[in-house]
Structures are given as structure tokens and as C-alpha cells.
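Per-chain numbering from 1; labels A, B and C assigned in written order.
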Amino acid sequence: MFVPSNPFSIIPTGRGLRWSILLFCTLLAGCAASRPVADAPPLTADALSRPGQVEGHIEVWSWNIAAKALQQLTPTFRRQYPRIDPNVDMTGANMQARLLLSLASNVGAPDVMQLQCEEAPHYLCTGKLADLTAVAAGFQKDFPASLWHNCVYKGRVYAIPWDMGPCAIYYKRNIFQQYGIDPDKIETWDDFIAAGQEILQKSHGQTKMLPMDTGALATMYQLLIQQNGGQVFDDNGRIAVNSPQSRQALGVLRRMLQAGICSNVKMWGQEFMAGLNNDTIATYPEAAWFAGTIKDAAPDYGGKRQIWGIFRLPALVKGGLRTSNLGGSVLVIPQQCRNKPAAWAFLRYALCTAEGQLAMYRSENLFPAYLPALRSPVFDEPDPFFGGQQIGRLFAGDAAKMNILNRTADWMEALGYLNQTFSKWADEGMTDTEALAELEQKLHRRLGVEIAPSSPSRTAHRTRARQSHDEA
Amino acid sequence: MKLRASLWRHRHFYLFISPFFILFAVFGLYPLLFSLYLSFVKWDGLTQPTWIGLANFSTMLDDDILRQSLWNTLVIGLLYIPPMMILAFLFAQALNQSWLRMRAFFRTAFFLPCVTPMVVISIVFGLLFSSEKGVFNYAIVQIGRLLPFLHLGPIPWLNSEQWSKPAVAIMVLWRWTGYNMVLMLAGLQGIPEDFYEAALVDGATPFQRTRYLTLPLMLPTFRFCLLLSLLGTVYMFDEIFVLTTGGPGTSSLNFGVYLFNLSFVSFKFGYASCVAYSVALLLFLASLVVYRMNRQEGE
Amino acid sequence: MRNAPIGADIQRAVLYAVLFLLSLVFLFPFYWLAVSAFKSQAQIFAMPPMWIPHPARLTNFTEVATETSILRAFLNSMITSGGHVALALFLCSLAGYAFAHFREAPGNEALFAFVLGTMLIPGTVTLIPSFLVLVNLHLINSYWAMIIPGAAQAFGIFWMRQYMRSSVPEDLIHAARIDGCSEFGIYWRIALPIARPALSALGIMLLIGSWNNLMWAFIVLRTKDMLTLPMVIYLLQGEIRTPYGMLMAGGLIATLPLVLAFLLFQKHFIRGILSGAIKS
């Protein structure tokens, strides 16, 4: 029994009508309200021509000691820019995920954001960061080329280097003295290995030379190829991991592992940290910022007896480069930032002035990437914890000479594959050539990136092709 | 044109169900297909996607962390599901006794965890599990003092790779027992009263009644609780995301948190879709097989 | 029932004792949450544990109210949860009613089977594309991002259909039609009031899920003024120092509404959970 209703009965009446209209209107209102406004104008060279005129609130995201350093910087910054009000947000819970979500959805990103050097290239190519070229290009000469290189994408500047991680060997003087090792005589990695074997023998196997996490060999490998000028990706982003430099680096790692001088402990794990407080590990090849870790972890053991010292990184061959880099970070301004002049004013003060960079070095030990700051006498001050050594000067020494290590958008993912393959190499007895060939193929397949023509696999292929051509 | 007339006559039907289909198209069907496409590309959600064919699937085969997360899921599930089911059944049995007083109080006590925001629960448990300043370890140490032969010492709940999974399991047990208790209570109340009367007439002991009457009749409920718990463990998120974030290391990383990290921390949209699809299909096939086996058993 | 022998009395006493003890164990984390909200950081980490805060500290609440956006978050949670539950109840009951009472409509059964089939799709598979859809609709960081997805869900439709089918008499609907009542009017004025128990059970089920939702809020809510309670509490955990007193106070604020609601409407709550269970 179907009784046809009137054709307008589709439209609700009475209370239902009112409800539906209300619902519909709020729906529309909601949609309209959340439409994002157009991008703010780009930065121009005269953005800060009148410091007193730039104003507004800016939100800065950073973590840990880096955030503390920025926070302590704001009072002096506000003396120059009284009308800018920076707020450093350090609620660290999953900041990177929140940043990526905000970049992907074009809403909610901070005005200034800290990124790790290693992951910065991933962000540079997204078009989600503000182009700083107009205001920042002039600062290129003030930063080590190795760091600046990874702040640039297709000729445009999107990030400014903040701190860096020049590397050296942290060693325990008491162990070296006890076994008669002279740190000044260690000039190459082979000297280093020989010293390690001596310590191992004389301590009856109790003291290993260095920690080496065979699950995370990419770190040491990276340190070594940045020293000898090797690359994972060439200048065109092609896979260049199968190179003589890589073989040289793996050779060093292999000799270390075979000499038995490595303590296979998880990086940052319990035993790794415990090694800072006992005699199980003699040295830590690490970056400048590791000094803070040692001071925190070993105040009694190391501080009172002043047993810690540092010496320059051994070279791959005698007379070779004795520095490398691990870690470091940059600051960026997301494209969605509404007040780019104010954000740039803060960023420039923090990173592109000796005043800003030195303040952060003093307060939180962030090692400045800004070269003019490194000329400061602060770096000549002896460090009592390290037995009065001028460790700042030692780290600053070769910083400008560091080699460029190309990092692509896939860098972090590539590091994962490096770790996988190298741990297989270490544990399952692959040869260096096999490991590099496999790694090259893996990177090629997983990242969808071409292999550089310099690779032996491609030259072999070419030779074969030429031979068959000649035969024909 | 009879069909058209019939369609027009029932236009309200289509109008009334249309919101579901519109929303499903936008938030269900389209995502489902798009996710399938994503399984074959490499994409970070910011730049252009690149087609990489089956590379995501081969990545999955030697993804140690994926394997670890599935293993952890299994271990956590094994740690908490059996005790939870037993406890929930005993609670349900007890609360089903007609002579029991203060039933509302007990029910509230056991059920309250289910209505509490997981993020709050996880933070409170984070405090309770603290190695040096936590109430649990305080209690353990006190018991250890009273009963020295047990050799009890403080447990590094959240700081050790061995104990992080039990810690998660304890919290999850606390959170979900009440829920399963209610489900089982519903199952128990669905058993007709005269079954028991008949059993009493036959002179069955309480144990016999439970063993030969209640348990077999409750089997569908158990199976359902088990299925819910298994799926819940695989896709569990808040609990682990807040309590341990999967750590230390990857010792308490379950599949749900692993997938979230892959999607929204690493922003590997392509690979994450591939993993999500594959595991969902595997689970679907597995439950299909279990269902078939159950049916054959029943026949 | 016949009188139980003395042995049974002892059994009962033991059962009471065990149940009582276990319920204390289950309530303990709530107790700890409540007392910690009145403690200072030092008192929270005191050893031996401080069972009753002394001196009790009220500043945690004022601090969490002034130093974080928790009050705003409370409002946001009310809006998003309220909106989600209202919209979901409306859409599910509308579709449920249609499936239950337009039985002759061509395709009714097939469409309903399709609706049930959608329950097999796990949310994790559609998570990323759903986020992208919201990005393209410019709905990220709006209340709608929390309200709309999942508002028309298969289970709700199934639940409402079952109830409408068994409880809303077909004759009543015919009579209303003859009286000239519009189709929407029949649903709104006749079917809905009858289905109130089913609505409240489903509503409570939806409310628990929506009020406690952390993952989706993490993904779609981007600025401080839009965050809901679970997100604000989650973000209070700092990397360096977590203000536990404030965290506990905030946790209490986020927990109390549903706990109070549970204590007041226990029966509906339990039925709501059961409704979630009949999925199979």
C-alpha cells in the first residue's frame, strides 16, 4: 500500500527543516572559514632595511639544547628588533611528524624551524620552504662550502647552516699513558689501528680501541668518505657509491674489524654510554658536540681526573685531510609563513652574526657553522674538563676545508640501505666489491635513481659492448 | 519503464541512504583505490610521485623493522590476550551470579578503564612503571623485603628491551578486561535459564555445569572476543604511541605504530600504503581460513 | 532458591574479597591520576610514594588552565565530539530507517549488503588518502575534519536498521503516510522518537571513540587553537621536562566528563558497548 506523497515532501518541514538548514549553513560556513589565504609575499633584498618597522609574533620550533640556545637569544635579539616577538616552542613530542603534516597540508607550520643537516635536503626540493636567495646569497662566503652546498637546491637557497659537527678523536689519557701510546704520532687510520692493537694486547683484551655498531656502519663510512672526497650520490644525484673512495673507506673499516679493536655496541646504547665511564673503550671518533655528551655522562670519572683529551682525526693516507663532519643542523622558513621579514630577522640574527652564534656556543656548546664567529678568541680558551686543551681551536682548525658530501632528498632512506648492506658485509663475509655492487643495485631499485657512469658496473658494461662491437 | 517508475516512487529511499554513499565514495572507496595506486609508487606527499612498480613489495620482504613489529605484535598479544580472556570470563561469571550484591560497583570498577582517554592512561602508567620512582616497583621491592626468598628487585619496565612488552601488555590488560567482561556477560545472559535448571535436575556439579554447558555455549562469544583482541593488537596505536613510542629501540613497536611512523613520521606514503594493504589482505585471508575451519568443525 | 550450606557462604565471602581486591587494583590508576593532580613534581616522584598529597596543591589546575590551551581544547572537544555524534546519529538513523522500511525499493538488499561489506575495509588502508582528501577540500585544521570522516559508518546503519525494523511498526508508518505526513516527517517525528534507546546506545559508543581519538587529531589538527583534549595532553609531554602535575590535572579534566557520564548513564553505556559487540 503505497500512498504517493506530494512532490515537495522531499523537502523537510517544521522542526526538521530548521535543523537541516542550520546544519547546512554551518557546513558551508565551516568550509569557507578554513580556506587558506594566499601565500605571503616572497622575501626581497630590502626586507630588513628598516629594522624598527619589522614587527609581529613569530613561532619557532626547535628541540632540546638547540631550543634552549635560541630561547636565551631572544632578549638580545629584541634589543635590535623590539617589535618582533619570537616564541621558541620546545614541546618536542613528534615535532618532525607535525612539521611534515603541516607542510603537506599548507597550514600550521611554524615561522622558523630547525632541521637536521641530514634530512634538510629532503625538504629543500618540496617547494614548501621559503626561497631565501634574495636575502641570504651574500652570506655564502661566511659558511663552509660543505654545509652551504646542502642548503641549496637548483641554485636557490632554502636553509641557513646553524651548527656543525667537525670530528676528532676523543681519547682517555690514562689509557694512552698506561700503554705508552703517543696520540700525536697517530696521523693515519692505520696508525690508529696499530695503536688500538697495542692497547688490546697490553690490556689482555680488556680495552677496545673504539665503539663500532655493525648495525650502523653508515656513520663511520660517511665520516671516512667525507674525508677522502667520496660520494654516495654524484653532483647530478646519480648513485656513485661504487667508487675507489668507498673501497678505501671499507678497507679501513675492514682492517679495524679484523684487528679486533672494535667494541660492537649499539650506538647510544647502555654499553656505549657505559664506555664513557670505564676502561672498556679507549677512544670515541665523534663530532664537536660529543664533548657535551661526555661531560654529562662522565662528570666524576672524567672530569675530576681530567682523563679525557682529543686529537685530530687520523687521515686516510699520510698528509691527507684530518677533519670530517657528523651531524649539525639548519634553520628554515616554511613557505606558508605569513611574516617572512620578521622570521628572517630572527634567523639572520641567530645564524649570520658572530654575536648570535657565539652566544649559542657559550650557552649550549653549539659549534658555529658561521666562519667569522670561529675567529673569536673564545675558541682559544682552554677547557678544564679536557685537561686544559684548546679543544675549540682544534675543531675549528680545518672546518672550512671540509669536503662536500652530496645529500639528496633520499638521503635518510639511503642511509638505511647502507646500514643494511654494510652489516651484511661485516657479519657474512662479503667482499668490499660485492658489497658495493649490491648496495648500488639496491639503491637503484629502491630509490628509482640512475647509477653514475663512473661506476665499474657501468664501465664494465661499456667495455663489453665495445668489445662485441669490435668483434663484429 | 516499470523500473524507472519504481525508482521514482522510492526516491526517498535513495535520498535517505545517499549521504552514506557520498561519504563512502569520498572517504572509503576513493582512498581504497588511491591507496592501491600508492602501493606502486614512491611518494613523500610533498613532491611528485615516482612509479617504482613492485619495488615496495620487495622492500617489504627484507624490512627488518616490519618483521620486528609483527613479531612484537604477536608477543604482546600472547602476553595479554590469554590472561585477559580468562579474567574477563571469571569476572563475567561472578557478576552473573544472581546473589551478588554491589554488582554495579564491581562492574563500574572493571569497566571504567574503557571510557578513559588512552593518552591519559598511558601517561599515568608511565608514572607507575617508572624504574626508580614508580609505584609498581615500590610494591615489588616491598614484597621482596617481606618474602626475600622470591629474590624480587625493581624491574626496568620501560627502559629495557625485555620488559617493555610486558609493561605494554599489563596496561592493555587493564584497559580491555572490562570490555571483554561485558561482552561475555552478554553471552552468558544469552544462555537460556532452563538449560541450567535441567543440569541441576541431572545433579551436575558447578564445575560440570561450567565445563559441559557454559563453555561450549560461550564458544562463539570467545571466538568473537578473540578476533576483536587480535585485530586490536595489530592496529593498537595510542597505548604504545604514548607509553613507549615503540621503544626502547624497537622492542615494543607494534604494527599499528610502525605503520603510523612510516606514514606520518617518515612520510613514505607509497611504501606505507603497500604495507597497509598487504597486511590487511593477509589478515583477511587468515581470518577467512579460520572461519572456514570453524565452520567445518561445527558441521 | 534453597538455602546454601555453610561451605557456600565461605565461598561467597572469598569471592567478595577477591572481587573487592581486584576492583581496587583496577581503580588504582584512577586514584593515582586524581591524587597526582594535586601534587608537585617532587611529590609525584617521592619515594616512598605519597599516597595522599600533603600539602595538596591546587596550582596545577590554574597552571594548566592558563599556560596551555586546555580550556579551548575542552571547547574544541565538545564541538567536535558533539558534532560528530550528532551528524553520525542523524545519517545512520536516516539510512537505517530507509533500509528498514522501504523494503520494496529496488536494490534495497543489495545496497545493504554492500554497506555491510564496507566494514571489512580496515581504517589503516584508507588513512593516508583520507588525509589527502581533506587537504584538497581545505578541511585540514577545521572542526569538519574531526566531524565528517566516519560520520556515516556501516555499523551505525546496521545497528539502526535492526532496531527500526523490530521496533517501528509498519502500520504506524502507513497511517502517517495516509495522514499526509512527508517521508522525512515520518522518519523525524515517528521513527526517531521510537528509536531513542538505540540512538543513545550508539551515541555513547561513538562518543567514547570520538572524545578519546588521538591519532586522527594528530593528523588533521594543526594549530594550537584547534587541538582537542587528547592532543593537548599528548603535547604537554616535553622532551626535556614534563610537567607531570599539570599533565595529571589536564588528564583529570579530560577524563572526568566521560567518567561522570558513565556513572550517570551506566545502563546506556553498557548497552552502547554491547552494541559495538554485535558487529559479528
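As a working rule, a residue touches a chain if its C-beta (ideal position, glycine included) is under 8 Å from a C-beta of that chain, and two chains touch if they have at least 3 such contacts.
Model, not experiment: these values are computed from the prediction.
Closest chain to the protein CA centroid?
B
State the pair with the higher C-beta contact count; candidates are B-C and A-B.
B-C
Which one of the chains is farthest from subunit B, going by Cα centres?
Comparing chain centres, A lies farthest from subunit B.
Between subunit A and subunit C, what's the gap in Å when you average each chain's C-alpha atoms?
42
Indicate the whole-number Å distance between the mean C-alpha point of subunit B and the mean C-alpha point of subunit C.
17
Roughly how many whole angstrom separate the Cα centroids of subunit A and subunit B?
A distance of 38 Å separates the two centres.
Could you list which residues of subunit A touch at least two other chains?
Residues 2, 9-10, 94, 97, 101, 104 of subunit A touch two or more partner chains.
What are the residue numbers in subunit B that touch two or more other chains?
Where subunit B meets two or more other chains at a single residue, that happens at 12, 45, 264.
Going through subunit C residue by residue, note those that touch at least 2 other chains and give them in order.
Correct list: 104, 183-184, 218-219, 234, 237.
Going by the contact rule at the top, pick out the subunit B residues touching subunit A in the complex.
My answer: residues 9, 11-12, 15, 42, 44-47, 50, 52, 55, 58-59, 62, 64, 249, 264-268.
Which bits of subunit A are touching subunit C when the two form their complex?
Those in contact with subunit C are residues 1-3, 5-6, 9-16, 23, 27, 30-31, 33-36, 63-64, 68, 90-94, 97-98, 101-102, 104-108.
For a test of understanding, state which residues of subunit B touch subunit C in their complex under the given definition.
3, 6-7, 10, 12-14, 16-17, 19-20, 23-24, 26-28, 30-32, 34-35, 38, 45, 91, 94, 98-100, 104-121, 123-125, 127-128, 130, 132-133, 135, 138, 174, 177-179, 182-183, 186, 220, 224, 227, 235, 237-238, 241-242, 256, 259-260, 263-264, 269, 272-273, 276-277, 280, 283-284
Spell out the residues on subunit C that touch subunit A in their complex, using ranges where they run on.
These residues of subunit C touch subunit A: 87, 90, 104, 131, 134-135, 137-144, 174, 177-178, 180, 182-185, 188-189, 218-220, 222-223, 234-240.
Under the stated contact criterion, what part of subunit C meets subunit B in this complex?
The touching residues are 1, 12, 15, 19, 22-24, 26-27, 29-30, 32-33, 36, 44-49, 91, 94-95, 97-99, 102, 104-106, 108, 111, 115, 118, 120-130, 132-133, 148-152, 154, 157, 183-184, 187, 208, 211-212, 214-215, 218-219, 229-230, 233-234, 237, 244, 247-248, 251, 254-255, 258-259, 261-263, 266, 269-270, 273-274, 277, 280.
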